[in-house]
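There are two complexes below, and they share chain A, which is joined by chain B in the first and by chain C in the second.
Then we have the complex of A and B:
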């Protein structure tokens, strides 16, 4: 390889690596700090030691964080809320998209247009009236009858199940499937639901992965605005609300870093394993361009 | 049409409705209904919990939010008609004398000073607002969008161009640049609170190390002039990977032969970008701008976690104010009015972007 090309190549990699450092340094700092005492954490932050696993490292912050707040409960809540929403969302969105794409029925195009148009309504613009709605909704659950949805799981799940983006992803995918498959199954006497379950869904692996990842990120990561408004009781809090426990009297930075690490690293690990699928799912939101 | 076909059609009608209905009902109940309610509620005095039924109040909520007034001030003069000076500067009448029940200025009643401009002849133009906090939230949000949308999409495009090359191991870099996208903004904001800290923040340490001590430590979130830019920078850091990936998928739709032709014709790097790459990215550009604008207008977690609107309202945002009023003050009507304004902005921007790009296609 000629020297000039080699020089250019190493410059390229140097540039890419510097940019990578910009994206990595906060996360490295978070993880390293979570193993340091507050005293050392603050002292190290004055130098590059902040990014290195040096000094007295221990799991003390993790132990203390678990004592300070019911972190296990918050994690369970978040996982439960996210999992239920993602699963039901995939089911209902794929059913609706199947109906929109493959079936002929009165009102189909109007309804589909109305549903997909809601894409441009940001959740933030409906949160306040939605608060009024859920405050007055009745609910019958295992623990009896209630006149309001405030302080519950369903208030964090039901409003988020159906969204335009998920339906849109399925519609796009189904449109590209060969229509003959569906017609052949119908001629063989399959009901519409059987066509959905036995023919179309088994072919929908990629779009299921895409929609699941996007929905997961939307749910798990965004549990702040809405829970602040509708969840006051500790027992229904998701992880993002748990942060406020660490700001009493003295801010316990080491414990905060431990908590942030606990709620972030599993997602990052998941992402690293499935990074192709994660990136493909974001890219697929760009198809409609 | 025979009876059998009719029956089949009716069956399909029923099946179609049955399958689409659950999702459509949920969207109707929890998205479309509150959306229209926001418009209705913004015209009332609805509260979250109130013994009295809500009343129709017309556009009063919007007038309260958006009301601004102008006032021209003449400097105070002493008995000889000379301008009175205070610390070398002309002295002006106190704003309160106009805004506290002054019968000559009923429109300015209860307004607060937003900013003032010096006019020729020692006069001053004072701009007042009925709801100063909201006006600042509006200004900050618009500023946030105006800065973040171009900067973030531009940087994302540069990253995409850097990544879109046949280099060994390029996927590693793509994975790293995208990583912040999968981290919650709540976590990111919390982390950057520490990075931006004035006493122990690592940003100050890093700047100090790399400038060999030339840059003094700054409390990035504690200063009215740096708090909003600090939030902007962090938001770009978190979101740029998202839009990089969208640009990347746009780049990959551009046919390779076009680049071959450009190379054979001896085009420079810039010419290739200008005449091959950029025209092929038009649709992607619209999409990126629409998405960034919508995301930027709904600025919230950063403010909630990092500054709660401070210092001195320099980081107030529309969504933060909607939550403060709709939830903390239980003023559903006021919060709804802010939501309606927010939606109108988002709608206007996306229509405008569509219009800009329509005739060229």
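Then we have the complex of A and C:
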């Protein structure tokens, strides 16, 4: 390899490594600090020692964090709420996008524009009206009939199932699929639902993975304002509400770091699994080739 | 059995009228080729017959049955797309049998029919592959196999060979012609390729701006084109047209002569020009002659002629091969 190209390549890698570091540093800081006492943590944060496993390291913070909050319950709640929302959302968003892209019906472009326009409405503006609505919605569950959705799982799931971004992702992806595939399937006698199930969805691996990752992060990380408004009972709380247990009279920074480290694990696990599926699906459909 | 009738079919996309008023009869068992310039509506016509595009008005009948508002799968047609449109996530066998799988036919029957189609198209050893593991010609054959298993009354082809290289195209042309004589179904075939049109068709339909210019057997169109447009469109290289004094001598406003009918002489002829360029094709030589009054004249001479660029040649226009046009229409002799 000529020296010039080598130099350029090393420069590229250096730049990429630096960018990766910038993104990784907060995570490293979080994990390292979770093993340190509050005193040492604050002292180290003034120097690069904050990113290194030095000094007195122990699992004390983890032990105390588990005592302070029902972490298992919160993670279970969050994972359950997020998983259900992601699954139902992918199903409904892909069906909606399929209809927008492949079916001919009057007013579909107007409706699609309207749906996409909701993208610019921040959640905070609709939070209060939404609260008034869910407060008066009836529900029949395992524990009988209720007249309000407050303090439940569904109140944290249903309002977030449909969102413009997920529909938009599917619409864009479907538009790029070769139209002839759908037409060939129609000639082969497929119903519209069979076209969706047997032709379009099997080719949608990449967009499913992308949409799932984005939706997962949106759901898992943003469960703060809304749960505060609608969940008073501990048994339905998600992980982000659990954080409040650690901001008491004096903030326990080490325990917060331990707590954050624990609740980050599901995110990383989910991401790693989907990333693999994501790459595999691109490789196997071969639409790009 | 597979007769296709279009009656006063009209099609517009928004305000753009693509097919103004089309009536067309395609006889049962024929191999009908649709040709015409790009954008003249060939694909649109095929897609309306297939049911992939609604007609704006008019009726379409297949086999005496009004199918104007039928679903594509209910029309007794099969279509082969230019892009093949094979399902990338399915094997060759699944691609070919997808229609029967959807119809929940018994496994044994599916396997049998897929096997038959594969045998006709020599695909037996590829049945477990995915489309991306196939060559272009093999993909094309899978697409045709998928059409065969539908057992249609009418096959629709939209430029099926245009993505293949020249030699494969020649081979597939022969295979398609054989297929047609073997199964005897009606075939409607869109192409840009003159050779495909002339060699495969029982009937050629020349379209221009969504209208039929002429419909007939290939030789009919070649020997007696009804309009100047058809005369210029059928045959390659295109017919030469002479206007002005030589046309008025023959009592018309445009005189057409095909390149292969123009004689090349050293001594004397009807027209005299200079050779500007010559293309040696081996079997023929295409010679481009410049004439001061009529511009470029294309001449096709048999064999491998060696000619000096820039030299003067004399051209003869044989009386039995002259096409006379007035206002774009042929003057009958």
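Here is the rule we go by: the second predicted complex is superposed on the first by the 229 of 289 C-alpha atoms of A that agree within 3 Å, B and C clash if a C-alpha of one lies under 4 Å from a C-alpha of the other, contacts with A are read in each partner's own complex, and residues count from 1 in each chain.
Basically, a contact is a pair of C-beta atoms (placed from the backbone, for glycine too) under 8 Å apart; a residue touches a chain by one contact, two chains touch by 3 or more.
Please read all numbers here as calculations on a predicted model, not as lab measurements.
Contacts of A:222 after superposition on the shared chain: chain B is touched, whereas chain C is not.
In the superposition on chain A, contact of A:203 is made with chain C only, not with chain B. Judged by the touch definition given at the top, the superposed model places A:50 against chain B, while chain C stays out of reach.
Once the two complexes are laid over each other on the shared chain, residue contacts for A:255 go to neither chain B nor chain C. In the superposition on chain A, contact of A:23 is made with chain B only, not with chain C.
Taken together, the two complexes place residues 284-287, 289 of chain A in contact with chain B and also with chain C. Of all residues in chain C, only 50-52, 71-73, 77-79, 81, 83, 85, 87-89, 98-99, 102-103, 130-132, 146, 150 touch chain A in the complex they form. Listed in rising order, the residues of chain A touching chain B in the complex are 9, 12-13, 15-17, 19-20, 22-24, 26-27, 29-30, 42, 45-48, 50, 92-93, 95-96, 98-100, 103-108, 111, 114-115, 118, 120-133, 135, 158-164, 167, 191-193, 196, 217, 220-225, 228-229, 240, 243, 253, 256, 260, 263-264, 267-268, 271-272, 275, 278-279, 282-289.
Partner chain C is touched in their complex by these residues of chain A: 178, 180-181, 183-190, 194, 198-199, 202-203, 284-287, 289. Chain contact summary for the complex, chain B toward chain A: residues 9, 12-13, 15-17, 19-20, 22-24, 26-27, 29-35, 37-38, 41, 46, 48-49, 159, 162, 165, 167, 170, 173-188, 190-192, 194-195, 200-202, 205, 209, 237, 241-242, 245-246, 248-250, 283-284, 286-287, 291, 294, 297-298, 300-301, 304-305, 319, 322-323, 325-327, 332, 335-336, 338-340, 342-343, 346-347, 350.
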